[in-house]
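The structure under discussion is supplied below as structure tokens; questions concerning it will follow.
Letters are used for the chains, namely A, B, C and D, taken in the order the chains are written, and counting of residues starts over at 1 for each.
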Amino acid sequence: MKKSNIPESQFELQVPDSLKTEEMTLSMGPQHPSTHGVLQVILKTDGEIITSAKPQIGYLHRCFEKHAENITWHQVIPFTDRLDYIASMNNNLGYVIGLERMMNLEVNERAEHLRVVVSELNRIASHLIALGTYGLDIGAYTPFLYVFRDREKILDLFEEICGARLLYNYIWVGGVAYDAPDGWREKVLEFCDYFDPKVKEYNDILTFNKIFIERTANVGVIPAEVGINYGVSGPSLRGSGVDFDLRRDDPYSIYDRFDFNVITGKGEMGTVGDTWDRYWVRVAEMVESVKIIRQALENLPEGDAKETVPRNIKVPAGEYYMRTETPRGELGFYIISDGSKMPNRVKVRSPAFCNLSVLPAVAPGVMIADLVAIIGSLDIVLGEVDR
Amino acid sequence: MRQYFKNIYEAIATILVGMGVTWRHLFTRAVTIQYPHVKRTLPERSRMQLFVEMDDCIGCMACERACPVDCIEIKTVRGGKDEDLGQTSNGQKKRLHVVQFDIDMGKCCYCSDCVFPCPTGAIRMTPEYEFITYDRSTLLTKFATYSPEEISELEERERKEKEAQAAAKAAKLKAAEEAKKAAAGTDEPKSE
Amino acid sequence: MTAQEIHNKIQEKFPDTIIEFNDSVLQPFIKLTANQFNEVCQFLRDTDGLDFDALMNLSGVDYGEELGTVYHLYSMQHRHKIVLKVNVTRENAEIPTVADLWRTADWHEREVFDLYGINFTNHPDMRRILLPDDWEGYPLRKDYVQPEVYNGITIAHPDMKGDSDEEK
Amino acid sequence: MEPLVQFFFNLLPFLSDWPEWLALTVIGVAAAIMMFGFIAIFALIAIWLERKISGHMQDRLGPMEVGGWHGWAQTIADTVKLLVKEDIIPEKADRPLFKLAPMIVFTAALSGFAVLPWSSEFIPADLDVGLLYILSISSFAVIGILMGGWSSNNKWSLYGAMRGVSQVVSYEIPAALALLAVIMSAGTMSMRGLVMAQSGNILDWNVFNFFPLTTIAFFIYFIASLAEVNRTPFDLPEGESELVGGFHTEYSAMRFAFFFLGEYANMFVVSAIAATVFLGGWLPPFEALGFIPGPLWFVGKALLLVFVQMWLRWTLPRLRVDQLMYTCWKVLTPFSMAIILLIGLWKVL
């Protein structure tokens, strides 16, 4: 069976010929408020309507991969923090599990549970930012502050367990850097109780606001097969109705022990795969994360979380591609070891990079304001796009 | 037509719901604090400024090796033969003069990787976070207390000791060689 | 479908293209020649039972004498994976593109071109992606020497303590 | 100008001894300065208020440092900052237009104050067609916006300006139609006459007069006025997440401050019109509250509406261009037309 290739652009421009005017080239970014950092998009516009959008990236390239080849295995971990700097825990986790699988290392149970708890907390924190900045992109200011209020509580928890608020360096090969302090478990549970009703508040002020729905529904639709072909992953792919979550479908750590739903977009407000669906997947996923945290804390075993941390990391020669589900999608670490104390190659398959690559395909035919909505709904972090 | 009126109704209703949320928040307590007047007490694990207890440092350079960004620079000089440099707080004997222990907080990435390998707990991260300056060079903290004269003196001594050692070693080698030669010399006729 | 079965299927259809098949490592891989690569990928994507509809990852590797590109394929439908490897010489680093099959490859191939200097033939837009267009050299090659200046800007920071070679 | 002259003559009796031309000039200049002073002070307070309201709505405190009590002097400090900042004009800008634009925007806002009835005596100019005057003068600001956006020679500014023009011009229509509904019932276009027609208690106010028709007209006018002064959810010309800063992207220092001042003055003008036309102007809601002077009622009602504008701003997202036009032409305009029709029928019957 010969399947057709996906065309470069998904949509025909819907402007009648009689209304077409002269094209204008517009440079959006890298100092534009809604490009979420230093993304530049070269737009060709016909009035308010975009005829082509070409992202230009690399403004935040920090040579992570080159760096990683020149430092020891352990020293890479603080650098992985800085890839997707609003979900550092998940980045740590991906790299570390990759190494553990290469080393065939069993990890202490308590450490595994703590890892899941902090990763899910960080997922909530990251989705909160995605929500808030998305509101900001659409023009609503207040939800941004509300989500930051709640994210602050998560950061406080992180500060208590590992001392840092943004770049944690917490998850180590074989375990975690610190065991949870006394009373931390109760504080996390307290946060879970606090957080559940807050989701309704976000829904009231933003999610179900008619203006917000009008702005986001039926905009920037990514059909499922297009999304898969472009390598879109995570909530952005699930927004297109693809029931795929690495935590369930390619399990790592101890995610297979927890009971949670994989949220997919159903096109409740418009078409399946529109920006509202992607947004909604994030909102609903936070509730699922809370569920996972509750389960993990319920069964939190006693023990020494640093028990299995090896003194020296010796990675046998070989290679492994480890992919984990970060808040942005499938974060892959392709690690090649030659048996020495430094990596031979660490390639990062960055979810934000792949998610962004779909932009030229969905942008033509939408308005400038919609482009902002689409970029926001892909939830890119330029630190990860450019690495 | 029905959809038209439904849209208008939904718009008004959801706008009112949203306005209700903001109205409620108008009267809730602010969650922010007035920073310079009110300060949070940070948890003890907070990773802010690095601090080194020089009395505890044995100059093993574990932290320097662990640092991913090379912000620590240590130089040590061996102590004299009979010199007593004291003990660290966990009872380890100090054998080295740590003449230089510089940490450039401007380069530090606050990963705290240097803290864990320290055998004596000399280097640690403190919750002290107010160390902004107008000049980047002032972020370089020098922890060693040795004056330049002391350092050169110590280095001189170390050099001399080394020389002496080397000389002794050379002499020893020479002696050994000579002995060997002598042995060979004595052996030679025998073998002949 | 196991790696062995996938290998057999390719072997059946393209008998001369497989150089090596290794099933004993953590993730089994198939090493292929560059000349028929696009056709093999098309076959992998479009054959019923294989249906590799997702390209998880595409990375360039510098093996020393040779450069290589590694493709991690995944099938959303059958949930099976395979790793493909294509090696090329440093002098003649050219691989047929797969950007027309998986759009993921579009930017990833540009990235490999940018950092390793492997040229992907028939790629729609073969430009540098992360580095400036006028950057010289391919930084992730192991023999890359960092230039001292770029457009009149000194690259080496005065604070820099030695370069990466020293640490090795 | 009669009531104003009378007001000043009562206030300063010696003026009546002066030659008429001199007295009129002095009165005119004095009134203008008073208005300007009012705008400046109002803007200072309104900006501070906006920050405080947004702060508290977002669980923050807003400015707290400058001036001591709740940062009351924050906007003064900001004004001083804007005054001493460097005035940057882009090299490729159309300089004369670039300089003129903020003045036009501000002038349009200031001119609107000429017909606002502060009380039964103090009204700078009681024109027979006061409402018409204010409607036409407020659309004058569009020219300033377009000039600013065009002359900046920045594509984003141009977008902002084009959006601004299309928006303001479109929303004039529902706004005018909504006001027309009231004019029909009151039978006058004089601002003073409109207020006089509402005398009585709160139920005689126009907003409750032909319940619910005029109430809807009031809401239509209020929504359209939001669009006319570029407030959320209709802040597309500025639309900072899309157009960086919209038509004032390239403006800095005092020129930017004039745009800002113009915006806040306009906020007050449209609220004052709504207060005058629908909420009984300077009249107290009940006779019993008549001891509170009229200007306080007037300003109070206007400020209440200004507060609602701010409240909306910190709650709602922004519409898109086509949705903005949809709201105007397919929702507000038909509704206001229907209201005119129904009020006409009501009057006839």
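The rule is simple: a contact is a pair of C-beta atoms (placed from the backbone, for glycine too) under 8 Å apart; a residue touches a chain by one contact, two chains touch by 3 or more.
Note that the coordinates shown come from a computational prediction; the quantities given were computed from them, not determined experimentally.
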{"item": "Labels of chains that are neighbours to subunit B and to subunit D", "value": "A"}
{"item": "Chain closest to the middle, measuring from C-alpha centroids that were averaged per chain", "value": "A"}
{"item": "Chain whose Cα centroid lies at the greatest distance from that of subunit C", "value": "D"}
{"item": "Chain-chain pair with the highest tally of contacting C-beta pairs", "value": "A-C"}
{"item": "Inter-centroid spacing, subunit D versus subunit A (mean Cα positions, whole Å)", "value": "44"}
{"item": "Centre-to-centre distance between subunit C and subunit B (centres being mean Cα positions), rounded to whole Å", "value": "39"}
{"item": "Distance between the centres, which are taken as Cα means, of subunit C and subunit A, whole angstrom", "value": "24"}
{"item": "Subunit A-subunit B separation of Cα centroids, rounded to whole Å", "value": "32"}
{"item": "Per-residue overlap in subunit D, given as positions that touch at least 2 other chains", "value": "57-60, 314-316"}
{"item": "Where subunit A touches two or more other chains at once, by residue number", "value": "71, 142, 146, 149, 205-206, 209, 211"}
{"item": "Subunit A partner contacts - residues on subunit D that touch it in the complex", "value": "54, 57-60, 155-156, 159, 232-233, 235-236, 239-244, 313-323"}
{"item": "Subunit A - residues contacting subunit B, complex", "value": "71, 74-79, 81, 142, 146, 149, 152, 159-164, 167, 169, 177-178, 181, 201, 204-206, 208-211"}
{"item": "Subunit A residues touching subunit C - in the complex, by the definition given at the top", "value": "1-3, 5-6, 8, 57-58, 61, 63, 65-66, 69-71, 101-102, 225, 228-231, 242, 244, 249-250, 318-321, 323, 330, 332, 334, 336, 342, 345, 347, 349, 353-354, 357-358, 361, 386-387"}
{"item": "Interface residues, subunit B side, partner subunit D - complex", "value": "4, 8, 15, 18-19, 21-23, 25-32, 34"}
{"item": "Complex interface listing, subunit A residues touching subunit D", "value": "24, 26, 32-34, 48, 135-142, 145-146, 149, 205-206, 209, 211-212, 214-215, 367-370, 372"}
